[in-house]
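So, here's a batch of structures to check.
The same chain A turns up in both complexes below, where it pairs with chain B and then with chain C.
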Partner chain A sequence: MTSPTEHLDPALRVEALASLLAERGLIDEATVETFIKTYEQSVGPMNGAKVVARAWTDPEYRARLLADGTAAIGELGFKGPQGEHMVVLENTPAVHHVVVCTLCSCYPWPVLGLPPSWYKDPAYRSRVVREPRRVLAEFGLELDDSVEIRVYDSSSEVRYMVLPERPAGTENASEEELSALVTRDAMVGVARVTAP
Partner chain B sequence: MDGIHDMGGMQGFGHVQKLTADPPFAEPWEGKAFVIGALAARISGTNLHAFRHAINRVPPPEYLAGYWNRWTIGAQILMEDSGIVTDEQVRARAARLSGRDVPEPPEPEPHKPEMPSAGAGNLRSLDTPPAFAVGDRVRTADLDPVGHTRLPRYARRRTGTVTAILPSQIFPDTAAHFVGENPQHCYAVEFDSRELWGPDAEPFRLTIDLFEPYLEPAQ
Partner chain C sequence: MTGDPGGHADATYLLDAAGPAAPPRDNGELVFAAPWESRAFGLALALHDAGRMDWEDFRQSLIGEIAAWEAAHPSGEGWSYYECWLRSLERVVSAEGLVGAGDLRARQAQLAARPAGHDHGEAGSHGHEHH
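Moving on, here comes the complex of A and B:
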């Protein structure tokens, strides 16, 4: 078993594992490249942003999204690993949702891609279930005391995504323009979407 | 197990990181690490829950030495357990890749676990009805887990309210140890922050997904 006293440089460990697995035909360069390209180029927060922009501009879609997140997100073609069952949480002026995985770093890959550093960091995982208002303020999101905070800890295979509030001043924006405003951080619930 | 991974409510980790729009992989090795972990369950003949449990068993100093570090070591532990690689092999190969001429230890004999699976994914239908309904008050278990569990420490021995019945799923606590998929009903359970952290807690509500075996009716 790996010993805590003998730290191996992780990049070197990866190279060693990859070479051992490759020579036994258990992994190959093409598969590795395909995986990396997929999560660098095709699967990321731009997918979730399309879902949000659609929900902001199409009330019927929004209703379907809140009733059955998996199906409504699937309508836009987004599905796959870490998105087996999606639940969408709607932020309002009165209620603010924020999502975490305290036990690992579960995250809705099909709509948000792979999690950012701050989401995987012990400070976020440990604190947001204990002092969310303080954590959000540290991120720069000051919520009025009247806003109720609801924290979701993703401990099963259900994946949560936040539907942020549409910013004021975007009444004439197109769906495409709106999707360009939506950030990953807003869809986890640690930021607001702001108008340009 | 009550490991370093079970971080909810721990104190001392300092400020949260800045919200940077970092790419998925800061360096090429991280991308390769991701793929090795993503394929580790398949290569080792195991499953997602066993992979998570392997990451939870990464020694705390290594666990805290970066996400892709713990992810890679977790993948290695998972493959060690199935006799795909040994730590000695990995270290010898790492030394050789660094230009040191060390002997390569022998390959292990693979011994993958045998656990029947009802199919792809984690959602399973159940014939039995759920024991709890939306609105029910439930009390969480007083666990002393020797193995894998998805009931975090901070949510044990607490009373909350069922707010949704979620899809029934493979039970991580048994699947991670290859005892069986053992699907269970799963619930969104909401807790008042004061129930979790005492009377001086920030006011908020916390929802966590909990499997039926973790729950009993609240008195």
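Moving on, here comes the complex of A and C:
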């Protein structure tokens, strides 16, 4: 059933809903604000970048990460909603992974923050499954035909994160320097990490 | 291949059709396009956190809203992820009996009837509408 009020300004609809929920003691405004601030400011792709840099510099961590993503990511202190069942997909010269949520917007919040607008866009969600090579090329990522592309569809059960390839020329970089190179896009699989 | 983040510009024509959906230039993209989007996000998390809303119920509602919107708008024109989010939230709180659709409509009408220039951000917390 369609609500007859959907023509209203969404800001007004949110305000109406929030005021009723607060009056009834169902939410606490301070909690709402805390969640907003947390995901606007504290939780973001820098968390995932630390995971990637650790995996690049510590082979044992890398093995743990690929065996049990949730646990290995938790070792670095990153856990929380939408990060309960993490699977890490390792890119290699022969196989490139890219992540999507075709049905809604499932995304590993604890390591990547909230999804960018393009990730939620109907065009990305439908096209990356049908024609991944072309979509990646439109992102500026031209993959050789010999590279196999695997598209992973996130769900309520599993959230994926890509472990990108460590770029050549970074052999002497520290873990901290490496983490600064890792972009959100690389961990979704629509970009590569490049040396500075 | 280039490390230039500007390389994303090539993709904007693809994903930009629905409005402000341009690919991000860096890791620091603002995650909300408007304050009401962040409020709608925060409300859902707070309700779940308070044990008032099952996240999977909300997610299924969101999937349904997105699918319905896409079916009704094959061109993708006018897409707003957080409008789907808000509709899902309104439906779940109504289905759970937390805020009925009638109560919600009444409050919306009340707020919409405020004089122009009223600070929307302040309303609903002062109770002046009962005077």
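A few remarks follow.
Keep in mind that, in the parts below, the second predicted complex is superposed on the first by the 189 of 196 C-alpha atoms of A that agree within 3 Å, B and C clash if a C-alpha of one lies under 4 Å from a C-alpha of the other, contacts with A are read in each partner's own complex, and residues count from 1 in each chain.
Here is the rule we go by: contacts are C-beta pairs under 8 Å (C-beta built on N, C-alpha and C of every residue); 3 or more make two chains touch, one makes a residue touch a chain.
Because the structure is predicted, anything quoted here is derived from the model rather than measured.
When both complexes are overlaid on chain A, the residue A:P59 reaches neither chain B nor chain C.
Residue contacts after overlaying the shared chain place A:C104 against chain B and chain C alike. In the overlay built on the shared chain, the residue A:H85 is in contact with chain B alone; chain C does not reach it.
Shared-chain residue A:G77: touches no atom of chain B or chain C. Look at A:R192: by the touch rule set out above, it reaches chain C but stays clear of chain B. Of the two partner chains, chain B is the only one touched by A:V151; chain C is not. Contacts of A:P93 after superposition on the shared chain: neither chain B nor chain C is touched. In the superposition on chain A, A:V129 contacts chain B only, with no contact to chain C.
Overlap of the chain B and chain C interfaces on chain A: residues 3-4, 6, 8, 10-21, 24, 26-27, 31-32, 35-36, 39-40, 44, 81, 103-105, 113-114, 116-118, 120-124, 127, 135, 138-140, 156, 183-185, 190. Those residues of chain A whose C-beta lies close enough to touch chain B in the complex are 1-4, 6-21, 24, 26-27, 31-32, 35-36, 39-40, 44, 81, 84-85, 87, 102-105, 113-114, 116-118, 120-127, 129-135, 138-140, 148-158, 183-185, 190-191.
The part of chain C that touches chain A in the complex is made up of residues 1-3, 5, 7-8, 10-11, 14-15, 17-18, 20-24, 26-36, 38-43, 45-50, 52, 55-56, 59, 62-63, 66-67, 70, 76, 79-83, 86-87, 89-90, 93, 98-99, 101, 103-105, 107-108, 110-112, 120-121, 123-125.
Partner chain C is touched in their complex by these residues of chain A: 3-6, 8, 10-22, 24, 26-28, 31-33, 35-36, 39-40, 44-46, 49, 81, 103-106, 113-118, 120-124, 127, 135, 138-142, 156, 183-185, 190, 192, 194-196. Of all residues in chain B, only 5-11, 13-25, 27, 29, 31-36, 38-39, 43, 52, 55-56, 58-62, 64-69, 72-73, 75-77, 79-80, 84-85, 87, 89-91, 93-94, 97-98, 107, 121-123, 150-152, 154-155, 164, 166-167, 169-170, 186, 188, 196-197, 201-211 touch chain A in the complex they form.
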